[in-house]
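So, here come the structures, one by one.
Next come two complexes built around chain A: one with chain B, the other with chain C.
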Partner chain A sequence: MSFHELWLLLPVLIISLGIILLLLQAAWRRQPKLAQGICVVTLIAAAVALIWQFPVGVQSITLLFEYEPVGGFFSILLLFVSLSVALLQGVYMGSYSKMPSTEAAEEFYLLLLLSCLGGMLLTMASHVASLLLGLELMGLSMLAMLAYNRERRLALEGAIKYLLLSGAATSVLLLGLAFLYATSGSLVLSELMQMPNGGAMSLLAKSGFVLVIAGLAFKLSLVPLHFWTPDVYQGAPVNSTLFLTSLSKTAVFAILIKLILIIPQDFEADLIRMLTWMAIASMLLGNWLALQQQSIKRLMAYSAIAHMGYILVAGIIAIDIDHSLVLEGASYYLLAYLIASILIFAVLTLLSRFDDQHDLDELPQLQGLFWQHPWLATIMALAFLSLAGMPITVGFIGKFYLLTLAIKLSAWWLVTAMIVGSAVGLYYYLRVIFALFAPLENSTLSAPKALVTNIWITVVAASLLVLGLLPGLLGNELRAVLGVG
Partner chain B sequence: MMRDWLYIIPLLPLLSSVLLLLLAGKLKPMQVALLGVGSMGLAALLTLLIGIEFYQQGGEVFQQAVFNWLPIAGAPVNFGLHLDQLSMVMMSVIVGVGWLIHWYAAAYMYTDPQIQRFFVYMNLFVFAMLMLVLGDNLVLLFLGWEGVGLCSFLLIGFWQYDAENVLAAKKAFIVTRVGDTAMMIGLLMLFSHFNTLFIPAIVGDPQVMNDDQLWWACLLLVGGAVGKSAQIPLQTWLPDAMAGPTPVSALIHAATMVTAGVYLIARMHPLFLQVPHILEIVAWIGTLTLLLAGFAALVQTDIKRILAYSTMSQIGYMFLGLGALAFDSAIFHLMTHAFFKALLFMTAGSIIVKLHHEQNIFKMGGLFKSLPLTSSFLLIGLLALVAVPGTSGFFSKEAILAATWQAPTAGPVLWSMAVFGAFLTSVYSFRLLFIVCFGTAHHPVKEGDFSFSSQYVVPLIPLVVLAIMGGWVMLDFDQVFVLGEHPHLPLWLELTPLVAALVGLLIAWWLYFPRPTAVAKEGRLQTFLLGGLGFDWLYERLLTRPLQLIARWNKGDVIDSGYHFIAWLNLSLNELLVMSQNGKTRWYLYATVAGGALMLGGLIWWR
Partner chain C sequence: MVALSYLIWLPLIAGGLAWFAENKKSGSGNWVSLISLFGLLIFALVLGVQSQQSGVPLQLSWSWFARFNIHFALMLDGLALLLIVLTLALALLAVAVSWREINDKQGFFHFNLLFSVAGIVGVFLAADMFLFFLFWEVMLLPMTALILIWGHEKRRYAAIKFFIFTQASSLLMLISIIALALIHQDMTGEMSFNPQALQLLNLPPSTQYWLMLGFFVAFAVKLPSVPLHTWLPDAHTQAPTAGSVLLAGILLKTGAYGLIRFVLPLFPAATVEFAPVAVTMGVVSIVYGAVMAYSQTDFKRLVAYSSISHMGFVLLALFSWHEVAIQGAILTIVAHGISSAALFSMGGMIQHRLHSRELGDMGGMWKTAPKMATLTLIFVMAGIGMPGLANFNGELLSLLGSYQVFPVLTIIATLGIVLSAVYGLHLFQRAFQGPASASVADLNGRELVYTSLLAVALIYFGLQPHLILDIPNDVIQQLLAISKGVQ
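Coming up: the complex of A and B.
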């Protein structure tokens, strides 16, 4: 490994350094505030480093990783959500001091950095080994975060479910990779689907790729591998749910799009058909499942299923036409989804306590939030409007991109499902908004005063509107950055 | 360069509006007034500075790209401002007259507990109006167009506790909406042919569309203009719009918003020149409206309704000017009209306040004795309205009439109708003056005169000066409009309108001056005219009732039953699908593996 390659790995190295610091700190002196500080500083430093030396072309770093703009952009998104989660965690833990001293709060930040590191490695992976390494590093750290409150029965239950099911999914993924290796004889991703002596893909190889897709689709909770989502979302501490719904989806989508962009020509038609059906089913089923949901976390789980379906549309189109424009659309949509998720879960986090048996989750509890915390309710309403794709929010622009692309491709089934899904989605998003502004009945919710966190949330909320009003602002940047992709 | 600051001018009222909105309930009335009026004052100062520089450079067009808004490939919509001689005049009127009206409004609304909300709307209105005239593309223009419509709606129904005000607001909104819809279709037609909505690109090359398509597009634009500017057949909302506070009537329903239609046609005039038939229609619309409004104004008893009908008729003159290819004269009349009509509305507002919110002119009387200053302002405004030589209205109206006589799209018939309109103007103006200011007082006047130092009077003084001298301003439009030599008509043609006005004065004198006990006569003709020549009645029969009938018929949600089925279907699907999420890990595991198998099966099946 040359010095230049090390230099390119700088953001990852900064995160690793942060992890070591956190380990040392935990051994030396337990102090949650300090741990949070180290975590936040690490994330910001990594983001600065990443933006500063943002990749312009594809550069490989040993056999395992490659450094390229699309992955770089997704890494920025990963750092963005990790930072949000880290900032929220301090407020959420607040009065965790009641717990025995051995069960203190610092390890959460350690796990967060580890998981973020896994995600970033995943976006940079160019080899099966690094893919698995990133995936498992991310997944296992996240598992611990999901079960972080061991006092909660539901959290443990959800984590066990996630462990079992994701174990099954990973084995499917491994089987698929084994099939591919058996036919191609290479573990480098770009050669994974090249048949020896350049022939067409055999059925074994195709099956292998489908199994890989299935393994990744599990993480993205795409239909028909979505079953785990609502239970795990609901059980986990709300901040960990946010992490699960944002970080792991982003990283896995990054590797998924990388994989489907390198499939050989003769497999395209098959794959497009399969992914189309998965996307349609996800958009429709996800929205239908959410219709009468009373738990916000479950509702967000179903909504995530639907939104992953939408993003998959971008992947499908990417196989067919011009890559860079599609990546731009997908990135915009993903960003919109992340911003809205962060805002919704941030409000829930601010109103919940880690040491309670349950988070604030049921819709009736949120009734009349506006009359107690107008600012929080406004932010939440904005986020839901953005998820619903209302104009002047960033969610609208994301949907607009995808819809335009799908129409350009004349993929009428996809277009129909997108429109039907949006209409159905509006129903339950508006239901939440109605509850927020309904007359206040009895509950009193208290939100802690946390200046930095509130400023951060306000900035994210402002970006939701600014990017919605002025799509050119980011669109031009994205185009310039991803133009080579 | 001063002009690089152009974008600040619309930004100022917008910022003030947002600030007032955010600080709702936290400010004292004085602070509200300072913010609301001060932002306009600053904007006016900036407009003056930019204006001086603009005219020193010979009226050279200045385009400012503020930011890229919608980067749609092929037809990007950018947030850009376009300053030329036309938008300079419009901006000066909006900001200048608007500032004075804001100032007056601060005094007028000072004791109203809702003054903060009032200034939020007023400042927002100015912002939207500036977007309308400064925007360099039709998207911005349309946004401003809808923005002023919204503010007009909010301000007409400002005192929302009175159901009548709300109904008037609704009427204004719905009637203008008809025009707006036409206009939107027109804009989309333009877009589909030009593939851009950038105004200079469209007016620079109107041959892209063939005459037939252009005819329709222009007709639809005229539809929008007619709705906004209260011309036949969409004129019925303006008299009712007087339900709003009087400064609103002065700003929106006299000086600025209602003239947006005139601006639109002037702005898009190269398209109209391709299809002169449309201009004939515009001229006829203007002429018929000015006659209709003149007749209706003859019998009104509410001082604000008289002024509203007079506004309608003056805009009719502007439309006639547009139709007679005298775009410059139409804009000139727009400007002078803004001066004297804002003055008239605000003096009327002062009188109304003085008389304990009495608006019926027959209950006024003798105001020259009790309110000498305000009454003389009223007199000056009316003289300008009647176009007495030397006042501002004289120059502009004379220019329109002269152009009408010679224009190929107008001609002597329209000219004589317009002269008859001048006669009507004179009659109703002097009727108003004689009944309100002379005779015996019928109503107690509030204590204290409006002296020169009153906030009700100071903002009017510049308008008094402008109403008299505003006609001496020589507006130059050589960079915007291509115009021929100004026509020189025989002297008798130029004198005829004056004679008509004089006859009108004599008739008004004979009918209304010496009678101390004059009251409104209740004849059939009077009722007909009072109701605006039966248009409300016609629309009620033709549109409102049939629509209400359909609504009644559909009260049982006949059409909705189809949607109920869809809702039921979705909810049932939800209930069915939720069963799959039963929380059992074993089932999830089977289902997940089955899902993977399904994908694999699909691959093999379709191979």
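Coming up: the complex of A and C.
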């Protein structure tokens, strides 16, 4: 490994350094605010380093990793998400109030950085070993975050479910990779699907790839591998739910699209058919099941299923053509989804307390929020409008990208499912927004005063509007940033 | 011409100001809205005079989303000018009717009212399909809020239905817009959302037909045309008076505007092919709306169904592609905008006094409220299409023009005029005549001023219809030139 390669790993190294610092700090003196500070500074430093030396072309770092623009962009998204979660956690655990949580707070930041590290490694992976390393590092730390409040029965139940099912999914993934290795004889991702003497893919290799897709689809909670999602989302502490819905999905999607782009031509037709049905089923079922939910977390779980279905549309089209618009569309949509998720969960986090048995989660509890906390309610309403794909929000631009892609390819089944899904989706998003504006009935909700966190949320909310109103700001640059076309 | 964009920003700023002012001093929001809307109206007229004198429409175009060649492009031609003036005038009416009606969260109410004005003005000004779609959707948000927060008993249901109907149908339009831009890319190498550029595309007939349907559904929901009308009676009935005024007066007209602006010029051949279906839908709307109106017992619901009937004339006339008919359609748009807004504000005043919209609770109100009765009679007569009032010219021209193209259907449509007399007189008779069972306070000075102004407008445009027809003449002539190319 040369010095240059180490230099390219700078963002990852910064995070590793932060992890060591946090470990030392927890051993030396427990102080939640300091731990949060270290975590936030580390994430910002990593983001600055990443942006400063943003990759222009593909450069490999040893056999295991590669440094390339698409992975770089997704890594920025991961840091953005982690930063939001880190900033919210302090308020959630009451670190700034007179009655901080009795639970140890420092380890959460440690797990957060570990998980973020795993996600970043995953987006950079170019080898089966680094793929598994990243995936497991991310998944296991996340598991601990899901069960972070040991007093909550539902959290423990959700975490156990996640552990068992996620373990099974990883074994399926491993099996698939083993099949691929058995036929191709290589563990490097780009050679994984090349048959020895340039022949067609054998059945073994094909089934291997399908198993890999299934393993990743589990993490993305695509139908029919979505069953774990609502329970885990509902059980976990709200801030960990945000982390689960944003970080793991972003990182796994990055690796999925990387794999999809390298499949050989003779397998394309079958794979397109399979993924098309998964996408259509996710869009329709996710939106359908969300209709009657009373719990916002469950609603967001089903909404995540549907939105992953939308993003998969971009993945499917990537198989068919190697067009720059695909990566741009997927990136923009994912960004829109992340911004909206962060804002919705941020409002819930601000109104909930870590030590309570339940988070503020039920729809009736939010009734009339607008007349009590106009800003919080406005932010939440904007975020839901963005998820629904309403113009002037970033969600609309994301949807516009995906629709353009699907129409360009004349994929009318996908277009129909997107339209039907969106129309159904409108209903449950509206239900939440209407509840926010309903007459005030129940007791007052209190939101803590945390200056930095509130500023950050306002910035994210502003970006939701700015990217929606001036889509050119990012949209015109995205092609250059992602290094395509 | 940067000034054009002020027509969109200023209402937004005024809305924010009204909200702020209302929070500082109760009651001041009304004045801020009133004065700013009045200022805007004058500003729009000044711009309009400029553009009419120069003979070319005022334009503005900024690059907005270069990746897809999307522009922030606005254009003020005769048709846009006419409808913007109507919008601002009716928005003034909406502020006036809600002067005392809204007792709760007034500041936010004014913000929503002016926000929706900004959206509607944007729809009329937009000269880029993407931008048009954006405004088309955005104007829904404040309107839904108006229904949801200040509406009547079943407001939540009405608001959700209104939003989902219009949103879902406009998604189809979005697909058509994107498909058009992509076809432009295939043919010329560059995407385009500019209607004038898209008009030059030579589309194959079947493609044209499907794309046209996407637009048509979105506009037919807004218009509304049977069978896509079911959101309208609920939304109109449950909305606060100001909301009903804006909905009936302008929002429905955006559907007709879309047909004139996009469907006819972009897809002339497909339109001709589809005309029998659309015209039949129009005629069914006319008769169905009228019959349903007669069977209503709710004042506002009756007027709502009558709107469906009147908008059927617009659909009939537009798809006949005949000069006289198109002129009739535009006259009907304006005249119905004024007369239905007037009837809804009357309904609002009655409800404010009686706390009921049921015709059964009214009756004999002429005795206690003669001024109100007289003015309502004028508005009802306008709705019936009495000669001398503005609606008559519109419906007569629509029928005259359509008769040349679709004689049988037009004869059936004429039934609508007869039926409108039935439900109109039924409404008036049940509410104001007969034994005095309800006593209400008569119109006060403020109410008298704006209702009389409406009556004067109806009479004036009834006698001088050419004043309305001269303004959008450029658009009508362009349409006819396109239609000559097809036939």
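As a convention for this text, the second predicted complex is superposed on the first by the 473 of 485 C-alpha atoms of A that agree within 3 Å, B and C clash if a C-alpha of one lies under 4 Å from a C-alpha of the other, contacts with A are read in each partner's own complex, and residues count from 1 in each chain.
The working rule: contacts are C-beta pairs under 8 Å (C-beta built on N, C-alpha and C of every residue); 3 or more make two chains touch, one makes a residue touch a chain.
The model shown is predicted, which means the values in this text are computed figures rather than measured ones.
Bringing the complexes onto one copy of chain A puts chain B in a clash with chain C. Contacts of A:Leu154 after superposition on the shared chain: neither chain B nor chain C is touched. Applying the stated contact rule after C-alpha superposition, one finds that A:Ile392 touches chain C and leaves chain B untouched. Contact with chain B, but none with chain C, is seen for A:Gln292 once the two complexes are overlaid on the shared chain. In the superposition on chain A, A:Ile407 makes contact with chain C only, while chain B stays out of contact range. In the superposition on chain A, A:Pro230 contacts chain B only, with no contact to chain C.
With both structures placed on the common chain, the touch criterion links A:Ala169 to chain B but leaves chain C unconnected. By the document's definition of touching, of the two partners only chain C reaches A:Ile419; chain B does not.
In the superposed model, A:Val466 makes contact with neither chain B nor chain C.
By the touch criterion defined above, A:Ser207 lies against chain B but remains apart from chain C after alignment on the C-alpha atoms of chain A.
Between chain B and chain C, B contacts the larger number of chain A residues. In the three-chain model built by superposing on chain A, chain B overlaps with chain C at stretch 260-268, while the rest of 152-160, 206-214, 260-268 or 404-412 show no clash. Residues 427, 470-472, 475-476 of chain A contact both chain B in one complex and chain C in the other. Contact residues on chain A toward chain B in their complex (touch as defined above): 160-161, 164-165, 168-169, 172, 203, 206-207, 210-211, 213-214, 218, 223-225, 227-228, 230-231, 270, 273-274, 277-278, 285, 288-292, 424, 427, 470-472, 475-476.
Of all the residues in chain A, the ones that touch chain C in their complex are 328, 371, 385, 390-392, 396, 400, 403-404, 407-408, 415, 419, 422-423, 426-427, 430-431, 434, 437-438, 470-472, 475-476, 478-479. For chain C in complex with chain A, the touching residues are 63-68, 70, 105, 133-134, 137-138, 141, 145, 148-149, 156, 159-160, 163-164, 167-168, 171-172, 174-175, 178-179, 181-182. Contacts from chain B toward chain A in the complex involve residues 67-71, 570-571, 573-575, 577-578, 580-581, 583, 585, 587-589, 591-596, 598-600, 602-604, 606-607.
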